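Labels run A, B and C following the written order; every chain starts at residue 1.
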Amino acid sequence: MGLLYAVVAAGLTLIFGLMNVVNFAHGALLMAAMYATWLIHRSTGLDPLLQLPLVAALLFGTGVAIYRVLIARTLQIRVNGAMVQIFTTFGLSIFLVGLAQLVFGSDFQSINASFLGGRTLAFGAVVLPLPLVASGVVSLLVFLALFRLSRTEFGRALEATREDFEAVALIGVDRDRIFGIGWGIGAAAVGIAGVLLANFYYISPDVGTNFALIAYVAVALGGFGSILGALIAGLVIGLTEALTALVVDPSLKQIGIFLIYLAVLMFRPRGLFGKL
Amino acid sequence: MKRIKRRTVLTAVGASVGVGFARRARAVEEVKIGAVFPLSGNAAAIGQDARHALETMAEIINGRHNIPMLLGEGGGLSGLGGAKVKLLFADSQNNPQIARSAAERFITQDGVVAVIGSYTSATAVTISQICNRYQIPYISADNSSPSLNRQGLEWFFRPSPTDIDFTKAMFDFFAAIGEKTGEKVQSIAIIHENSVFGSDSAKLQARMAEAAGIKVLANISYQANIPSLSVEAERLRAADADVVMPSSYTSDAILLMRAMHDAGYKPRAIMAQDAGFIDPAFIAAVGPLAEGLLSRSAFAIDAVKQRPAIPAVNALFRNSGANKDLNDLTARELTALQVLGDALNRAKSTNNMALRAALRATDIPGNQTIMPWAGVKFDETGQNIKGNPVILQYQKGQWRAVFPFEIATAAADWHIKR
Amino acid sequence: MVERAGRALLSRRRRELLLGAVVLALLAALPLGVSGAYLRGLIVLALLYAGLSQAWNILGGYCGQISLGHALYFGIGAYTSALLFTRAGLSPFIGMFAGGLLSGLSAFLVGIPCFRLSGHYYAIATIVIGMMAALLASNWDFINAAQGITIPFHGEAWRNLQFRTAVLPFHYVMLVYAALMWLIAWVIEGSRWGFYWRAVKDDVTAARSLGVSIYPSKLAAAAISGAATGIGGALYAQYVGFIDPESAFDLSLSVLIALPAVVGGIGTLWGPLLGAAVLIPVQQLSVAWFGSAAGGIDLMVYGALIMVLALSRPEGLVSFFHPRARQEAVDHG
């Protein structure tokens, strides 16, 4: 589970690392990805696992679109820039949830006949559900991919653009294009998470909220802008949640996560690996 | 000039003294009834179902469907000269403040004669309180929290059984089936979501278990809408009680069943506190995992012999846009409107005082409804004392009534022996 | 030159005060033109949120600390007052005082560690603390845990702050609350603290070079903001008659408290009122009008509105009235 949190967080941190934007619509994007998976599965019978590249591409496009239509505008604004971004994406999130409810109804849907669903994998004495394992594996792959990306030309351009986009414009880098792609990748990451989740989780218009919240905590814990941070934080959170539930009443297990977050931030106000 | 002044003075006096409003009874074409349910948000499915249920009953009253039950002949409300029932719906978003505003709007702007609601206890509290202040009856269609009829309100009416009745039915069943098959329940594991529904339910279950000498091996509470219940499922598996007793809403119910399955745990018996577990969406989501699941219910859809109106009503419900069978919640909501309609007929007036008197005098025999109850008769707190719950079991794709044995339509599948 | 600027400032301040008095009078007379419990109730809510948002604005707008966990203080105020009323029979006027004290203290305590965090880290920390409070409250039996507290009608009386069906008294109560918050903000705007905070917001290093220690003043702002929010919570509890962890500590409430200020104009005097005047009716009416139709439309309307407002008027709705402010925003952009 921790890795899944991490993947959602990765997408978020990328977007943030780009331009100091906290995307409050992340949860809604996750929900969109899950619905997309469900729809495609229902109409074409394509197994979720095989849908990964398809939905990732779909979300990529959505991310770019969101950037172009909404976010680019927010960058023109210097006054209260951060607030505008927060509340724009927040409004977007509410809008998307409403839209989903309108289109899909609020009943729960789920994918029953998937390749991974319901099977388990045994490692000696430990029995793990296959969907979870697969999610873990894919999540790791996504992280590796993101890592490599940050080391490439593009990744560096991304970083530079964030630091000082005026200077960067001078050397011919189109900020809008770079950021657009960055948003696309971030959205694709959460899209992959959505597909993986759809394998074993139920789907409803509200499903994104809880995951998104944990993602935000993960990103802040790991440090805004750090991909490695998001990964580590995601894992820490997953672990903490499980441990806390064993020790105290499970309804309080999220408190463990929150306490860890606060504790870490007392000592490292920029998160574990934060660059900002 | 003088006329206007007098009216203004009267209104001012009336408002400031807070006198009960006496509505003039006059010949009516239609009777407006307000319904407040969560029509959006995460309980929207329930709210929309409630809407279909109420619309179905309104259709039965207003149309001519000749269904073998009270008000089934249709043709409007006979006691009011054939007046039609007009339903007004408002979304509560499960928010107590919005629910209260909606009820207030219905009462002050739309002139409803009564308000029906509301699914959650929190919204029921605010709605019933504001109805009480305006002296308009509130019919609690599907709120089961026992504390609601103990608020000291005089305009509160609840046809449906409370959680105390429901939980008692569960333990009565344990005792009875234990007697019958020799496999007595000796231990239970409780798992509940931690809002008012789950917590109340768990408290009752723990108390009744203690009284029955049954050990409570685990009492797990979890935060509703949490992403994962795998840890909780593990704890249940470790406890390995005779019966697992969950109280969850739909999404958590799905999560729990899957989590237990993933943990390789198949409980010997599961006795659910209704809610999410009887939601058709739950069944659709977990498929074969639901086989053998037991739940309390206020409604038994297969009790057709004793309640011949069920097939016709169910057909109407399906066609109203719901596309699913009646279940515990929708049946109760439908019946609530039936009770209200009956009271309106007997009151022969839309005056609130007359309506309340008629409600208080309600005495409907069970076989005039679709519910497996002995009947509908309210005590001084507005609670129906003749509503007895049943225990259902999901057998081969259908919910069958298995208790009380007198109205059971199938034998319970009960194998808890180790 | 300086003298002239000083005098201009004074007269601006006086004009604002005058404007405030006029608006107050208008709002006080408003119910005479509006009848019907529902519409009046709408105004009551709008006024309450205007006050709550102004309280938030003190910390978030003027001081620059964007808190998304203000529901914590709201909840503490609401619960304190409700508990004192239902269990000890104390008048809500005492209850709100006690509630305000407790919530102000909490805000102070929260500020101590959290003000070290910057921007987004701070925001998420406040979210986290808010959620923890919600979780703990749902499990604390002393306050009835998830069941919430019902505040039964004890008879119509000002002492009880309860009225059978009359909405008018609450209109004036909330009006006083909102007006008080406005006044506090006005005072802060002209005070030394206000000056320091504006300086810090614009340029942190410059402020530091002025030798300004802002930490204690921030804590004071937090305390005031928290206390004021708590009082609002107590008022809400008496008005609606029921509170539970979900309605008093939820994250969506925190956002709803901050939203009017942001939409109306963060860090401005009139922002919260304008924002509340637009947002609350939209939210309530969209549920009332669209909620009963296909579910979801009301959410879409609400969400779309927030997006449009945030994008088109980032300086807030106040810019409709201060064209100069908008020009400044665009210039510096």
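What we mean here is this: a residue touches a chain if its C-beta (ideal position, glycine included) is under 8 Å from a C-beta of that chain, and two chains touch if they have at least 3 such contacts.
Since the model is a prediction, treat every value here as computed from it, not as a measurement.
If you tally contacting C-beta pairs for each pair of chains, A-C comes out on top. Put simply, the chain farthest from chain A by mean CA position is B.
Once the centre of each chain is set as its mean CA position, chain A and chain B turn out to be 39 Å apart. Separating the CA-averaged centres of chain A and chain C is a span of 31 Å. Averaging C-alpha coordinates per chain places the centre of chain B 37 Å away from that of chain C. Contact with two or more other chains is made by residues 98, 101, 105-106, 205, 249, 251-252, 254 of chain A. Each of residues 40-41, 44, 48, 194, 221, 223 in chain B touches at least two other chains. Residue positions of chain C touching 2 or more other chains: 135, 138-139, 295-296, 298-299. Taken in their complex, chain B has these residues touching chain C: 15-16, 18, 39-41, 44, 47-48, 88-91, 93, 95-98, 100-102, 104-105, 107-109, 121-122, 125-126, 129-130, 132-134, 147, 151-152, 194-196, 198-200, 221, 223. Those residues of chain C whose C-beta lies close enough to touch chain A in the complex are 66, 113, 116-121, 123-125, 127-129, 131-132, 135-136, 138-139, 251, 255, 259, 262-263, 266, 294-308, 310-311, 314-316, 328-329, 332-333. Contact residues on chain A toward chain B in their complex (touch as defined above): 1, 98, 101, 105-110, 112, 118, 120, 127, 129, 132, 200-202, 204-206, 209-211, 214, 241-242, 245-246, 249-254.
Residues of chain A touching chain C in their complex: 16, 20, 22, 70, 73-74, 76-84, 86-88, 90-103, 105-106, 205, 213, 216-217, 220, 224, 249, 251-252, 254-255, 258-259, 261-262, 265-266, 269-271, 274. Chain contact summary for the complex, chain C toward chain B: residues 36-38, 41-42, 45, 135, 138-139, 145-148, 150, 152-153, 156, 163-166, 236, 240-242, 244, 246-247, 284, 287-288, 291-292, 295-296, 298-299.
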